[in-house]
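One chain, chain A, links the two complexes that follow: it is found with chain B in the first and with chain C in the second.
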Partner chain A sequence: MVKIDFKRDRINIRWRGGKWDWMIEPRYWRNTFYWTIVLLLLPLFFVYFSPGMAVTMVSANVYAALGIPLAFMGLGTGRVNFGPNFYVGVGGYAAALLSLHLGFGQLATLPLAIIITAIAAFIFSPLVIMAKGLYYTLLTLLLPLVFLEVTFIYTDIFKGDVGLFGISPLVDFGSTTANFLGAAYISSVILLIFLLFTNKIMKSRYGLIMATVNDDEEVAQGIGVNINRVKILSFIVAATMIGIIGWFLAHYYGTFSGITYLPLTFMLKILLVLMIGGRAQIFGCVAGGYFVAFLEMILIRTMGDFQPVAFPIILLILLFVLPRGEGLFGLYRRRHYREYFPQTHVRR
Partner chain B sequence: MPEILTCENITKRFGGLIAVNNVSFSIKEGETLGFIGPNGAGKSTMVNVMSGNLKATHGSIHMDGVEITKMPPHVRVHNGLARTYQIPRPFPELTAIASVVAAVLCGKKRKNQSFDDASSEATHYLEFVGLFSKRNVIAKDLTFYELRMLELARALATTPKLLFIDEVMAGLNPGEANAAVKLVEKAKAQFDLTIFWIEHVMAVLVEAADRIVAIHYGEKIAEGTPDEVVNNDQVIEAYLGKGWRKYA
Partner chain C sequence: MRSKSFVTIISTIAAFITFFGLSLQAEAVSKDSGKEPIVIVYVCDLSNPAGQVPFAWMKVAAEQINESGGVLGQKIKVVAEDCKGQPNLAVEAYTRALINHKATVVGIYPRSEIVLACEAKAGEMYPDYPHILLAIGAASDEITYRIVDQYDKWKFVFRDQITVSARVPLYRDQVDIFKAVGVKKFALLREDLTWTQGIFKEFPATKYHKKILSVPDYAKSIGMEVVYQEAVKYKAGMYSPLFEAISAAGAEGIIFAASDGNDLDVFVRQWVDSSAREMHMLVTGATGARFWERTGGKSIGLITDSSVYPLLSGKDTPEMPDVRETAKTHNLAIVSAVLYSAYPDMFFLKKAIIRAGGVKDIDALIKAMEETEMMGPQGPLKYERTRIPPFFHGAVFADINDPSKHAKDGYTAVYGQIQKDGKMVLLQKPFPGVDGSLSYYRSPAELRKMK
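Coming up: the complex of A and B.
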């Protein structure tokens, strides 16, 4: 039976011999509150200023919301997944196919897309235990590319060449501006939920346990951490979060094609969001997502055909110029010495 | 005294190399059992087999009457077995207190323990090893001696019944080594521990251990009180070589 005690600055929750503290002291929530208001006012500002900006804002939210689970997964599994876009594909195709063939609406496809992505993540989760070092890198890198091939081979199902059309829309208010506004708010809410959920986990005992796994798996086992459970759970949770973005993209655009999300270019963009925003910092992903999306938009408008060349060059330069590892978020907020700042392990 | 851990005919092979060959001994509750052998004798391999980091090729290990041979390392920790490492292995990016908090949270199961409760308890272990003032220092910035103490605090925080100490003296100067030995003895008394102490410095174990097991080339060559083992011909031969009996 869950027992809840309200204290002055916290809520104590007890359940089956476990005890959790939830801080409710206002000063701990001040910054969260301010930034939430900014994020919720932005769509109104953009729609008033230029509806095109709202579209870019949705892209920014999507990039950020993809970077956050990737950072989470990197911490919990102790290695970098180079194919997060595979789960965008799984979630997106699940939503698209269910919507097209069974006529499901966007609310009905969401739980099913979550379940299907979680099952796919569960099937591939032994990778985090069995594959080490470059093998893990290669296998995760190959997964989306293999899926892309599958969409071409079984083109009658996935329509790999042209994509699936006619997916039920995310919102339909009858006016384009209102639809833009609705999509911007839904993407912002998803981003906020991802941020709060991930931040809460990382600040809790589970975050600390994930940090021990990231730092040294063998020693983590030596203090009693069930590392396989931690790695598999963080892999599945993060992959499912990425799958939710797949669902969002399928319903937002009303079309879904593997060729847009499964190639290396999309994956590189997500990795760059993570690295430029601030390695392994979930709030850095928001800075990175907004920076990358708006830079892309500005370059498309100003440079035209030169954009595909200039965009990666600028990002790569920034990768070297920005504070090592701390990225754009590091410029805003100076990290305290004792704060946990994980190493990213690619070759473990 | 009842036996807390029993190893029966443990063999560990790495391909053609036999690192540990048919070793049997038991650890009695409340004692300090020394485990000695020259470099490369198979001491650390044996500890890795006992703590579950390596799987034994043959043989069985029982703890409190329960077979733990195939148990994963984290379950052995929950059953009250902790270890330190020969070369300190801290969590490099975590502060001293965070490492110990993790051990408090993941070690032996405690009921109704929140994250804050674990933090309070962790300070006790840091205070015990003398690292309280360094609690907010990131582990990679600690000195070698402090890392050894942090390892001890982390192991104690899992509330073990049986503690494996792997060469606590290695890399320490005489003053530090002396302090470390005293601290281990204090921990044994205060936390009611049984200690399995791996060392190749014989002098330390002669002072600290109740019994000693000696191995050489992966095989047990002697077992008994420190005096018996120190005067054992095979042990002297293993450490000094043939014909050095008269100098021992």
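Coming up: the complex of A and C.
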């Protein structure tokens, strides 16, 4: 029998042994709701005023959607993964190869890309138990670079530096504007699903256990938490989410090459998104992703030859100036401390 | 409290408008215009010479064309869209080129994965934004492979370079030169990138041509032997062990298929200090205006492709200004044929646009591109008309009936040797009136003694 209790700020739903809370107090969801509306209106705004910016928006969504699982992984494993792009490669190549060799469409490659990335993540998940600190950093840093070498060695499969092309398109409505809108909305929906999923997990009992592991593994173990299970599960789930972005990139661009996503430059951009947005803020990844993508575009269009110098300088200044660990979102968060926002615990 | 939240809301909205306003302004930079010029956008990495050099040549060509009255009364406008060498930014830049700049031609700098990413987006946008995609310098077969099967979808794609499959005549020339200078056993190296793969492999027979032997098999067929072969990591940095292994294998010469972006100065320096120093050495891409200086003169005796030197200029290229003269007056670098090919491309486009009667009808312009011919610094410049993948819409280089041979009237590349004071001596005669002979060849050891 379902039992529903109306509280001041929430509705409790109980059924058998389970209990679900549904927040009704506006401060828990109001601003999130408003920003979601803005995010969903942006593609229409861009397509009407400047369709080229819809493409920049897709990049921003991709950066943000990569930052969120990376922050999530950091929370659950208590370690910073320096090679999240490895899973972009796995998901992207899985989708590309399935599309090219078996003729699968984008919907058919998605579940398989998820499964393949999850298997790859499972294979490498013992890293979170075996290594920590500098060793973990180095090992995760090396993984995408080794994969990049593999793409060069097995050129017949991965097509080396040129990459795979002719992958089935993400959307094909027969009109440029409709395709822009389609891609922008799909990337936004993926981003929103990632936000919702991460938010729910972090607000749950499991999120509390993850935070405990993040704070102190030994204490967590002492109070009965199976820390290995938590770490491995967080690692696999986050890596699989990153793999979904690989799938998206392969179908969105219609081409996929390791040399684009596996080198350090791509990974550094994701880490910057995390740091600028706020490494302890899940919603900060969205701010970070949009800031980095649009700043880059503005600088390219306005600063000419000086842009390659200006872009890292601005980001470096922001890293020093912004509140430590809180980033851009932290500035907002400080003024809205009474509102609820999911926050990752960052081990110092 | 109320006024505090009001200020917060206003400042958030202001920040939002400023940020996206700046973005919109950045997007709209090129929208103002008087009489519409013909816009050519170059998507490239402006922090890399492979992007900077062609763009500089394109700008000078546009100036020269505009000074001489433009094209059918219209000026040419060249715009660079920086992609920082990243496919996602390249696709954004490509989109801006079509939507904001209303480009008639979009050139893309020589990185095949960038060209392919843009090509996919271009195919999507072509029905709404008809234009020409010109791959400047990129070599991959994939760029033009699909034009034959899906002509209506991809007919706007052209490539101004020799495709990978068309390089066989070059590989054969390398082996023939070695045979002519008395080499029997040699080492065959290639930089580990896709464009060099063809050197180790045979090209299977297709319905268009018979099987083409791999370089080792070709060498065997003319009584030579490849005693060592390896795909060398791009910019490997450490080559000494490689030279020792080659030396131990009993090779008398080394052929290294590499590009000018590789660390070939390091390769040459380590060759001279190794036990392979007496061997004959042929390295493609060992070019660049300052390659001689970069190696401290150690590149003496090296055989390399002549692409750094325009083979023809002046009265031999009547439809464009003298390349050497332009380089001197505008302080431009002739780094390699790939990098300055953007210059003859501009005059080729001018001729094609005149032939098509303007840029309004892109189908007519595509047809004109297919039919136009022009004499460029590396010989005749024209695009393959016969529908054979991947040669179709690529610069004519190999004979399509037998791709192991040079085309009779296409892009020409010959080999030369770096001799005293870094002077290049051609070992093959490219055109009547241009000096070149194998009799000029001297072994590296001999040249070092003369030095």
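Operating definition for what follows: the second predicted complex is superposed on the first by the 305 of 348 C-alpha atoms of A that agree within 3 Å, B and C clash if a C-alpha of one lies under 4 Å from a C-alpha of the other, contacts with A are read in each partner's own complex, and residues count from 1 in each chain.
The rule we apply is simple: a contact is a pair of C-beta atoms (placed from the backbone, for glycine too) under 8 Å apart; a residue touches a chain by one contact, two chains touch by 3 or more.
These numbers were taken from a predicted model, which means no experiment stands behind them.
Shared-chain residue A:T212: touches chain B; no touch with chain C. Touch criterion met: A:E296 reaches chain C, while chain B stays clear of it.
Here chain B and chain C are compared by how many residues of chain A each touches, and C touches more. In the superposed model, A:T260 lies in contact with chain C only, and not with chain B. Of the two partner chains, chain B is the only one touched by A:N12; chain C is not.
Residue ranges of chain A in contact with chain B, taken from their complex: 12, 14, 17-21, 204-205, 208-209, 211-212, 214-216, 218-227, 337-338, 340-343. The residues of chain C lying in touch with chain A in their complex are 8, 19-20, 22-24, 26-29, 46-47, 81-82, 84, 86-89, 91-93, 95-96, 99-100, 112-113, 116-117, 119-121, 123-125, 127-129, 140, 142, 146, 192-194, 197, 233. Contact residues on chain B toward chain A in their complex (touch as defined above): 51-53, 72-74, 77-78, 82-83, 85, 89-95, 98-99, 101-103, 105-109, 111-118, 136-138, 154-155, 157-158.
Chain A meets chain C in the complex at residues 49-53, 55-56, 59, 62, 152, 155, 159-163, 165-166, 169, 172, 174-177, 179, 249, 253-255, 257, 259-260, 265-266, 294, 296-298, 300-302, 304-305, 307-308, 335.
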